[in-house]
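Lettered A, B, C, D and E in written order, each chain numbered from 1.
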Amino acid sequence: MANHERNIWEKIADQLRSKSLWMLHYCTGCGAIELPPSMTSRFDMERFGMGPMATPRQADILFITGYLSAKTLRRVIYTYEQMPEPKYVIGFGSCTLNGGIYYDSYATINRLDYYIPVDLYIAGCMPRPEALLEAFNELMKMIRKGEANGWKQYKENYDWYKNNQIRSLGEVLVHDEFHE
Amino acid sequence: MSALLIAVPLLIAFLFVPLKNKIKYILPFVALFSLILILKLPIEQVNFLGGWKAPFGITLVLDNSSYYSLIVVNIIFFLLSLIPQIIEKDLSLIFLILMASINGLILTGDLFNSFVFLEITSVAAYILSSSKRNYYGAFKYLILGSIAGAFYLLGTLYSYIGTGSLNLADISKNINSEFLAVVPILIFIGLAVETKIFPLAGWVPDVYASGSALTPAILATGVTFSMMYLFGRIFITVFHGEFLNVVYIFGLITVVVAELSALKQDNLLRALSFSSIAQAGLFLSVISMNSYESLTAGYFHLLNDITAKFVLFIIAASIGKSFIKNKTTGIAFSIASFSLIGFPLFAGFRSKLLILKTAFLNQNYILPIILLFATIIEIAYVLRWNIKLWYPDNILPQEKEKTQKLSWNVNLILLIVALVIIVIGFYPDIYLKIAQNIASGLTNYRAYVTNVLGGM
Amino acid sequence: MMSSMSEIVKNLKTLVKKLEIVEIDEREVKIEIPCEKTLNVLSFLKGNGYSHLSILTAVDWIEENKFEIVYVLFSWENGGKFVVSTKIDRKKAKFVSVMHLWPIARFYERELHEFFGIQFEGNDDMRPLFLENWDSLPPLRKDFDPLEYSKEKFPDREYIKDVIYEAKVIRGDLNG
Amino acid sequence: MMTIIRVAAVLLTGFFVGLTLEGVSRKIIARIQRRYGPPWYQNFIDVFKALSKNGITHGWIFDFGILMALGGVIATLAFVPLGDLVAFPGLDNLFIIVYLFAVGALGMAMGMVGSGNPNSSIGVARALTQMLGYEIPYMISVSAVMYYYKTASVSELMLSQQDSWTLLKMPLGGIVAFISLLGMLGKKPFDTPIAPAEIASGPMVELSAKYMGLLMLMHTFSIFVEIGLFVDIFLGISNYWTFLIKFTVIWILATLISSVLPRFRIEQVVKFYWKVPLGLAFLQALFVLLGWVF
Amino acid sequence: MIPISYLVLVFLFGSVVSYLITKANRIVGAIFNFLLTFYALFVLWNLEIGHTEKLFSILEGVENTFKVSSLGKYFSIISLIVISLVSFFIIEWIRKKPSRPAAFNAFVLIMSAGIIGVFFSNDLLTLYIFWEIAVLGSFLIVPMGKEDSKKAAVIYVVTSAIGSYMYLFATFSIYNKYGILEFDQVSRFLLNEPSNLFKWFIILFIASAGIAKSGIFPLHTWLRITHGNAPDAFSAILSGQLVKMGSYVLAISLSVFPSTKLLASFYSGVPLLNYILIWLGNISIIIGTFMAIRQNDMKQLIAYSSVANGGYILVGLGVMNSIGYAGGLFHVFNHAIAAAMIFLSFAAVVYRTGTTKIDEMGGLIWKMPWTFVTYLVGIISLAGIPPTSGFISKWMIFNALLTKGMFVTLTITFIGSVGSFLYVFRPLAGVFLGQLKKKHYEVKEVSPVMLIPMLVLTLLTLFIGVYPKPVLDFIVSIENSLGIKPIEYSGTIIKTSLGQWDTLTVFTMFAVGFIIALVLYIIFPRGKKVELTDQYTGGEYLFNYDLYHYATGFYRFLERLYDKHPSFEKLYGMLVSFFKSMGEIINELFYKVSPSGYVFWISIVILILFWVRW
């Protein structure tokens, strides 16, 4: 991705953004259990300025921790669109990379960045907290260098992503039969 | 001359028997005639029937109290006669007889003669109350009335034994103590039925709420006024206010009881009948304070109450469920009910003020409390009726067509009476003059005695 | 086998001639019965204590060209469990519905219809339950190939090198 | 002209000291949980990061609410005397400060509910109920102080503590005021309105970037108002620097307490405040009436 | 300027005229009403104090006169402001709402005639007469509202009748004892009245009329039903103004008969009688606040808030020192304006949506922004928050209570003011903010004719909030005329013994803070406008956004703490049914009996009589 030219304000803003990343408390798969240890005393995510936030409106990073079924993907896309602009996505584990052990399942997706732009992947069938912190630092470096532009890509080729999403998930008229 | 007042209506009644219900149209002339006759009569004039001197023969006394009450009663009859619609088929005869007997009742100066007229009025009243097939109510009224009449007769007998004469003036002149113990009680019971005292007013709701407009209109106004006048005449002029403290207690009980039982009524006519019982009770308790001011206040209140009841009963009997079709009657109804309660712009307020003033004057604090308490309850149910009639909640369309409009002359008279109420509200001295004269006539019994006994 | 369960089995024998009994556990017995007898066996079992239909599922024997429909009944009184199974033909997969015995069966039958394509008379509510916009074969049938479907619907990652092949070699499935 | 400088001084102290102290408190909480914790300037970064993002808005009432909130709290802060630095010498009446603070609260509440998310309405309803809880004991204990010193101006209250601190003169009142101070700050035991787990951070559920930053500013200023009042009234005469020291001490004390206590349920908050603190406050008022002051 | 008695007559005959005009055309009738009331306001504005007029004389020895006292002028100007603005509102509102517009207009005029008479009457009897006329006028309008407004009308009249009849009883006992009824003469006689009991009896019974009318504790139950169900625009007059008649009588009974001089001081300068009245005010504040928090019908909610504010006024007036009395009077002005504003905005909302239930509405701000602004400023003033005038009166009452050291009353006033934040916020969140219901998508803003009075009231509150001098001048003139030491203020700084504050600096500081926030808001990147249904829903797709609105049981967790509260309405209901059942028994026993029963009763009477006589 070409490195867009950033003016002085954006450079400062990127410095600040890297220092205080707020993650969204939205865990989709088996990787969610890795987050508490990285927050608590041993690995302490907060020293990097990272902390959990309850709503997508306030969050910067969206963790996709583990396999994504079609239905969960629909909610992930909806939450992703609700997050305010410079937003980053980190894909945990192999299930987001290439479908992992569910590569041949009829319900789970095989490649996450086909649907939403992913800035960073962490390999491993559930990476350990050390790998997590390594990834966070890596992401902070990318943000400081201005390379983490997943959200810009999403905005620029928005309809490519939309077609991919329609291709896999199809248009569903939300009409739950149980609460008429 | 004053005997003509009794004779003429009777004469016409008998003359026009064959014409049956054509008499309705002659009534106004009879009433007008008697009114003119009264106005022409000189006030201080005692008429000895058959030339017999006072203590022996029957005397018709026309002092200023009886003069004014005659005017009031005849005006009522004249107004009623102007509304032939409400007089049923053959009641006009009774109407005439009633007129004659009431004139007699007011005029007579003789105790036994008053019993006779009392009986005639009650008989006429029984027949009247049997209109619209209300036989059971009329039967009850008959029983009570006759018992009362019997006691009244006993009272006259004892007074004759005690004082040796039947003439009111004579009795009042030589009253002695042991005689006084018995006679007032008997006469009080005799009159209690007519003046609707507490336990004996059982007949009132059945008779008044019979559905016909005429019975309550006459009974509640004309007959009640004359009975109250008679009560005043006997108990104050003759007995010089001896028995009145018992009457006071009974009056208060009647007020409270009548108001309470009116609260629950779901039929307008019954509620109004209870209200007239209450007003009568109130009148009696005010009278029994036995002073010139209390008498004026009492009669002034009675006059207001009668005018209001006249309008209320006629409307209540002839209105369907709401005033949608006939707005003017509605306005008349509301004005009358507001004066009944005592809102400031209307007549009732003046009389209530007067009562309160006199009650406070002779340090009597229970009456105002009961009066105010009764008015609060009266406000509750009268205004509830007002709202129910003005804002009927679910009137079916076809029901709306059915309520026919009252005929024009009924509306006209009702409006006139309603306007009278408002005028009295602003300038009360017309009613006040009447009330003062009646009160003065009743209280200075010495002038009455000298006037009747004259030469002796 | 518990005493009470053995009596029930004895009565069942009288009811159904062709009856295969497999005793799985001290409290659990499997019965295979011909498909036309299932309804009265089930109502019989429900009659004496086995009122809880814990699961209604199916197995796809593609070789015998049969669907095996399995009812697992459980009794709250003595904790005994009956596994009643019948075999129906795979082509015209049609069977009678047990909704009138157990209302919950409505959802099980709907699921079976979605994942196996079995039709149940008496249960008209055959809408899709779990899958969204499903277009190909019912997925739990043996002749449905999930990998091929996943490749077609959820595009895979194009690797410059065939990384999967290398992984298999490392793991020793294939000899490099 | 002097007032403008003084007001600017008050606001800047509020901004800088407030944010640093918040960073310090996060450090203390981290240390209690045996982890490193963010640097002390972390809150500055958070505020400016939030302000620099481009978020979403729900219409004019949403923006107006936030502006009214921040404006109200800034106005309240201007009236609070920081030690001897008093922006408006004669006019800092305590009732004004408490009720001007309500403008900020109402503005925030109106803006958040204006976003249309029921979570924020629940959060605001809880905040107002909690306010009903802690406001009454606080006002009684403070009015006992005012009644004793016969003045309602905060700076005079501070100056009239010649012989000893009001905290020592009226210990009960001081304790009650501190407990309701915890409620006002919205620290842990009383942070039911912002409960992240239950109602997705309550009123702040729809606050995206810039609005979140403005609200954090408002939070820092409101902390400064609340603790400033407490220090002025209860902790004796202090010039500007001793005021800041006392402020930090109280703030650290509050963080220590709040870092170890779980969250109350909302009924428990009102019940808690209207049992013991209210009783103590009435007792204190009685003592003041009877003149039993140490 | 025509004298007051002519003004009253103009109103009475005007009502007949307006009845006929509205029969012809509603709008013209309403305009006629407005012009009349506005002219009356103009006349009252430049009435000079002390101008007396002779009227009629009912009881001999007593001359019923009108006298323009500063207190009367103050109250009447507030009432006329409210009535003229509401009648301007009615010009548009009458097109659709009341079932009988002609009667509505006529009775409004009768009521205002009564009101003017009440405020200028110089003796107890004239006050009673015009009081009853006002009750008559307002009573006939109430049943035009919703379905159980008929019951409400009866309850309203009975309660005010109880109060006014106790008042009448006191008037006559004074008349009987002294023979005079003018206020100043009565107070002179009361001063050298030996028996303490008589003084207590007089002041309490006269105050009872005020208690009944302004909905203080024992007689407060009628407020909820009447305000809740009266026709919407009329409940603005009812609560904004009619309740003030009650406060007027309370003001008279507490200040014109100077209770401080009459009775010994019980607690720091406040006599025992005032103390009891203050406690009645306290209880009604508590009842008003805690019951208002529970209501789901927005009009009944604000009705309960009028109970609470009536309590405030009584507490203000009861504390007999200059600041407290000034606070009470100022609060009369504030509550009249605020209640009128809030009820007008509710009338606009009901005019458009048709329901008064809070949980059936939501998100109306996007469709009716101006109504929202009026409601917002109204509740800010009602809750007593600084920029608006509501705060000044509450501040004065707090100061007065503090100087007197009455801590329990102070606590209750705090509970009242903080509680008012809670219950004013419930309709704000339930009706105006939150999700817009589907059925209200095409609701339009109310027509400008209805908006103008609302906005005039808003500007009035804000103006007085910043520059309270005009109202304070009035209050100072009142306090001078009543012999209480007036409060001192200069320009916009109000001084009291406890300290002073300046409304202007508070407002400017608030503006400065607002500007700073605005600057910050503009510097940083603009937010993207997102429409109402794009919410954080925990990632879930919602089908029906009407349900995504939190309004039913808004403070359920708080209400659960006092669910089993004693209800006085049930108590009075039982009392009434007791009377009815007693009536029933009597009816059965005496009136529906067979003739033999009558004979039995006659014999009983005879026995009693004979037994009594011997």
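Rule of thumb we're sticking to: a contact is a pair of C-beta atoms (placed from the backbone, for glycine too) under 8 Å apart; a residue touches a chain by one contact, two chains touch by 3 or more.
Only a predicted model underlies this, so the values are computations on that prediction, with no experimental measurement involved.
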Between subunit A and subunit B, the fewest steps along chains that touch one another: 2
Shared interface partners, meaning chains that touch subunit A and subunit E: D
Third chains touching both subunit E and subunit D: A
Interface ranked first by C-beta contact pairs: D-E
Taking each chain's C-alpha mean as its centre, the one farthest from subunit A: B
Far-end chain from subunit C, centres as C-alpha averages: B
Separation of mean Cα positions, subunit C and subunit B [Å, integer]: 98
Approximate Å spacing (C-alpha centroids) for the pair subunit B, subunit E: 45
Between subunit C and subunit D, centroid-to-centroid distance (C-alpha), Å: 63
Interchain centroid distance [CA atoms averaged], subunit B/subunit D, Å: 79
Multi-chain contact sites of subunit D, meaning residues that touch two or more partners: 52-56, 200, 205-206, 208-209
Of all residues in subunit E, the ones touching two or more other chains: 534, 536
Pairs of chains found to touch, sorted by chain label: A-C, A-D, A-E, B-E, D-E
Parts of subunit C lying in touch with subunit A, wherever the complex brings them together: 127, 131-133, 139, 144, 146-147, 149-151, 153-157
Residue numbers on subunit D that touch subunit A, as the complex places them: 26, 30, 33-39, 42, 45-46, 48-50, 52-56, 196-197, 200-201, 204-209, 212
Complex contacts: residues of subunit A adjacent to subunit E: 26, 55-57, 75-76, 78-79, 82, 174-176, 179
Residue numbers on subunit B that touch subunit E, as the complex places them: 139-140, 143-144, 147-148, 181, 185, 188-189, 192, 197-206, 246, 257, 260-264, 338, 343-345, 349-350, 353, 356-357, 360-361, 368-369, 372, 375-377, 379-380, 383-384, 387-388, 390-391, 393
Residues of subunit D that touch subunit E when the two form their complex: 7, 11, 51-59, 61, 63, 66-75, 78-79, 88, 90-91, 93, 95-96, 99-100, 102-103, 105-106, 109-110, 113-119, 121-122, 124-126, 128-129, 131-132, 135-136, 139-140, 143-144, 146-147, 150-153, 156, 200, 205-206, 208-211, 213-214, 217, 266-267, 270-271, 282, 285-286, 289
